[in-house]
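Worksheet: one structure, shown below.
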């Protein structure tokens, strides 16, 4: 298991990470971590590795794209001095191109996405013990779907940057693909983006698998 | 894995099961299963065994004791014709004796508890494929604590009835004891009863362990 | 223009028709007709054919399938004695099969859908001057999409019954297909069902086209 | 059709334009354009000319008069760099003279109205491709009504400035007059100002007629 | 002054009488009489004739027409055994004909209005010491306005019945006409029906004048 | 009648004047003047002297004492340039001495009260056409009651200053005394301070009497 | 101390007893006993005589008079089988005569008050171990005050009935008189009825003194 | 009794002191002192020693630890110039170590606790007539409980500082221990920290005992 005793694990991203977490601090009791995969990861760490005492912080903000992350990076990431950082961003960068195609200044095209994400990763990697890059996803099983194709390209960017900077890659799309073989997208998410608890569990398992979580430990 | 394709799994109990589930139906989208272990079990079944399509229903009601279950058993259990039934009841039966000791008519003493639970189990076992009995618990590591001792006695009743009626036993207290070795009760629940997400994950893992859930399946 | 002076035009259906209309009466001032295509049809009739004084009533109820309509048909349709009746139903009959596949008793399969719709049309046709059947739709341009295919089958049922009973057919899917050639589904509806104002305008124009509405009248 | 592919169309005015639009941005999904004619224009453009991808922005603010527009002109109009600008203002400039006659500093008399509007039009015309001036209106069919007479004078000012500056004129009063021949004012607006959906459709059709909108296009 | 010590004065009517009064009882402290003329009449009686101790009850209900009054007459009037009864009804009977002209079953035409009002007056007069009939009104100074003309006809019916049955007539329209000579309708009521405090004071003075109220008493 | 055409009449005071008036402006439609005597005065002026068009402004703030008035005098009185100013202050200055006797820094003893009020009157008198001083009151008929005695002393101060500075005096206590002869205090105000509508009518009549209001004018 | 181990002490009365208690049950945790003297009595019994485990129930209902008590006596008193019953009623019976003097049917005059209270006491005394009668009170130190005089008469009735039926008398007025020597009524209650925490402590101490409560016990 | 006429008694602490008090001022009517022991102390002082007129102020803030007090000490204590100061702090300083053990920067370990408390006491003692130090407590009767042990250590620090600086010590844990002999912790507080009214009465009596309060005075 890659996390060690007393380490601080910080999550940053958009509404999938946010999921109604307490603002501004994003940690503590009473649902402060939100209702999504961040809370599930924390719950599994605490219930299966209680002795490690991992401190989990959720700095996701609904609607964010990679430029929004960049604007608040110092305060919400670097100043927090996390040992581990997990980034999942890109869904809104793509989605705005498809749900409000006419409002161009809300679109983050792939060049700017890659350039900004790389800058954040390069700047942060040396200051953390480990960096986890989670790909954006789109719960659309038709690989020829326009938005799915674009999302996959952004996924490739993440994979490429992860490899290039020796980060832990969590291929969320791959995690969902397994489930989408059996279930239609609407079962996981009416809008193919904000998933049910089952969808959040897919993200949780995809991440914990990559950090060597032992499910059968206790 | 004990659950088979298309089976209906019904949960009944008190606030730990309820956890703000949709009433009256207790199933469907948009958090209808509540925010606790029932939702986590459903999420894990759907994300790891999507092809089974297990239908999960949550009939927990906050504040219930075993007598309350008995009063609504026909409508909320038998009429639902579940394949699998999971019962977790007894915490309030004990707790009222300790938080409002003077209001005797809210207490369900152990004889009546055992008698009622046994009647429900005997009546239901033949009508379901499988019956899961989850012990009540108290997140107090001091085994000499008055309420903890009483809760353990009610736990023994559950174990006894489970054994006697060939039910699947889920020893929740045992699940928590492992974590309580590392963490003080208040980390899991300020009131030692309504747990954090981590507490609900302990209940989830304890139950799935007993039904042969393969955590490393995908 | 098929509507004549002083006639009563009643709309019935699910959330696409309901759209937050006033309940129970579904008519009058202050947004009583809801925020969707029913209100747009009424607004266009009143602003372009003010002298006709068509009385528009909205009896849509969110979440309804064809069985729900059948259960309230006497009170919400026949007792209202409309001159014209417009029915748009079927989206939920299909959608439940895809968003909650495990809850079978919420699914209305095509045989029962056809049988019930036919019964309602046959029973009602003689009691109205004109009957408009609007096909269900799914804002998914990929015709091979599982749910889109099923929805198209239900659309065929509507076309068939319309033809068989000399009803006015409004092919909503066809209306949307034109727009979907230019715009991705998410631009019209995040969940591919509940559309933006633009989507409701597509439904409005599709219906008014079939009743000979003269857009250039004033 | 005067609008071309990818152009930005900005609406500014008072509560008739505002109609509960999202503030401050006034664009995007989920009713951001409000419930009135601005949303109807956008819906008709998107459903009939989807390929043009016109970006519509609503900067109306309830209660505004022409002086309020002037105070926020830079930020809410010029900085937005619209291709097309539509202005409908003047109702409150008149109305305050008639509903709170004693509070003089809320009245904008015709000289100041004309002078300010002309200044805004002259300043803006060179910076946009096209400028649409919509007359204020009063849903009172009695042309001798004091407030109707004053409103008509302000209407004349708008017509005069439109002509003088080669703007597209939308004579809203004229649009309503047609309907008022058949319907009493209270049918369109209890207060003869804030209209029903039918009233907003009159404004929509009056505007689209002037920009060459082809109603029978699809 | 026509009211005597300890008498019960009951007001019944529509929203102008109701004005947010406490339901169901319509009397007592803390604004129970509502914010309109009924409260003003009570306040003036109590502050100028405190020794009389007149008991004032408000049974107005918003949206009511004369048929609605008839339906609740026994419970809300006769069972209350008032010494004095004041009726102001008819505005909605007319208004629905002009704001929702197509919904005929909400209109109460003048024959039915006269017939019902006469029946109520004849039935009640013998059971009370005094009966006050307040004419409906429409704050539109243009006597040729369609709705104003109809309202005046209903006013004539009230005058006729008052005279015929020796009731005290309060000509509210006449009261408003004096003020409308100086002020435009919108100053008294945006919708020409629900007046400002000034409008309610006109109604109050019109009523008190008819019962011999001595304004200069203290 | 002392008020002339187009004059501005400003009221300032505590909760008896405030009475839920719109803040900050304290004028306009929709109950902006509050529910108390200020609204009644405005309603009577508009309904009986409509041609004068008196502009009424309400700058009362609940809980204020004379020091609070002093702190906002420039902005809420002098900058408003009223023709007529009515001040009613002093109830809280006394009341705090009797309901929270131990919190001395909330008490405004009579010397400081007189000194501050005199300063405000002297400073303002030259800048207005007329200044109305309304005495504070206490709805306690027992003149030997401690708080009533103190309130009467503050009343004397007001009378003295009024006389000294040629202001119009409105003896509110005297107005209430007449009514208190017939009615017990609780009928007018549970707390002997915040009166019912009847109490506000006493204040209204006391003020209008002093400015020569002709109740029988129309 | 008159209360013995495990006994049930039931309080019934009006808003002074109710004080926002949980309805309908009036017992349990989380402020179920309300914020007044009933909660203080329970808190003092539990903190000073924890071993007795007295079960306290609050059946007070705001606005009640003795007739209201009579109407619910069976369900809210006799069916509860209390060992000890405390009744405090009469304030509203008097108050309505003074705050709404014209609404006679809300007044409970002294004959009916005495007759009803005696009937309840006689009927209940044999069924309880002990009966506590608390006098009504009025926080008005002027004994010649009209309402105070009436309240004192009702107090005498209570004293008389208590003596006559060997009940424990709690002279609340006497308790308050001591404090009123030092503090003006408004310090204890703006409306001289609903007291501050200090007022409720006076009631608490008056009651506990009569049952032999040992304040210095621990 | 140690408090003298007209003295100011200020309470500062965490949620046990705060208990929903009015912010920012923390004094006055209508529950401004909150619902806990501060309000009970004030109520008992006012009802038993009304002539002293002690001014009680509540500056507790929920969630505070000793560092938070230090940060606002000047404004909320020294600037208030109290005669008597009561400090109860330390519960959160300990609790965070046990409910969120991983969030170290929320823990205030004993050295820093002692050092900060001593600094505040030393700085303040000379500026007040008397200083009351109330120990933190934990409603856990098992003295070997980890959190109870830590809390007792912090209690010892308070006792030590009290003795060292001649402060009045209120041993709250000792007060609770007496009750805990008879009642299980959950009867006083589900979370063993936020007590019922009975718990607040224990704190009240413990404090008043130390200042020589004569319970039998009146």
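Going in written order, the chains are labelled A, B, C, D, E, F, G and H, and every chain counts its residues from 1.
To be clear about the criterion, a contact is a pair of C-beta atoms (placed from the backbone, for glycine too) under 8 Å apart; a residue touches a chain by one contact, two chains touch by 3 or more.
All of these numbers come straight from a predicted model, not from anything done at the bench.
Peer 1: Which chains, if any, touch subunit B and subunit G both?
Peer 2: The common neighbours are H.
Peer 1: Give the chains in contact with both subunit B and subunit F, ordered by label.
Peer 2: Correct list: G, H.
Peer 1: Tell me which of F-H and F-G has more C-beta pairs in contact.
Peer 2: The greater number of contacts lies at F-G.
Peer 1: If you average the CA atoms of subunit C and of subunit E, how many Å lie between those two points?
Peer 2: Roughly 45 Å, centre to centre.
Peer 1: Can you work out the whole-Å distance between the CA centroids of subunit C and subunit F?
Peer 2: 61
Peer 1: Among the residues of subunit F, which ones contact at least 2 other chains?
Peer 2: If we look for residues of subunit F contacting two or more partner chains, we find 29, 53, 99-101, 183, 187, 190.
Peer 1: Judged by the touch rule stated earlier, which pairs of chains are there in contact?
Peer 2: So, checking each combination of chains, I get A-B, A-C, A-D, A-H, B-C, B-G, B-H, C-D, C-E, D-E, D-F, E-F, E-G, F-G, F-H, G-H as the touching pairs.
Peer 1: What does subunit G use to touch subunit F in their complex?
Peer 2: Per the touch definition, subunit G meets subunit F at residues 95, 98-101, 142, 144-147, 183-184, 186-187, 190-191, 193.
Peer 1: Would you mind writing out the residues of subunit E in touch with subunit F in their complex?
Peer 2: It is residues 29, 31, 33, 35, 39-40, 42-44, 46-48, 50-51, 53, 178-179, 181-183, 187, 190, 196-202, 205, 215-216, 218 of subunit E that touch subunit F.
Peer 1: Residues of subunit C touching subunit B in their complex?
Peer 2: Against subunit B, subunit C makes touches at 99-104, 106.
Peer 1: Which residues of subunit H touch subunit F in the complex?
Peer 2: Interface residues on subunit H, with respect to subunit F: 6, 27-29, 53-56.
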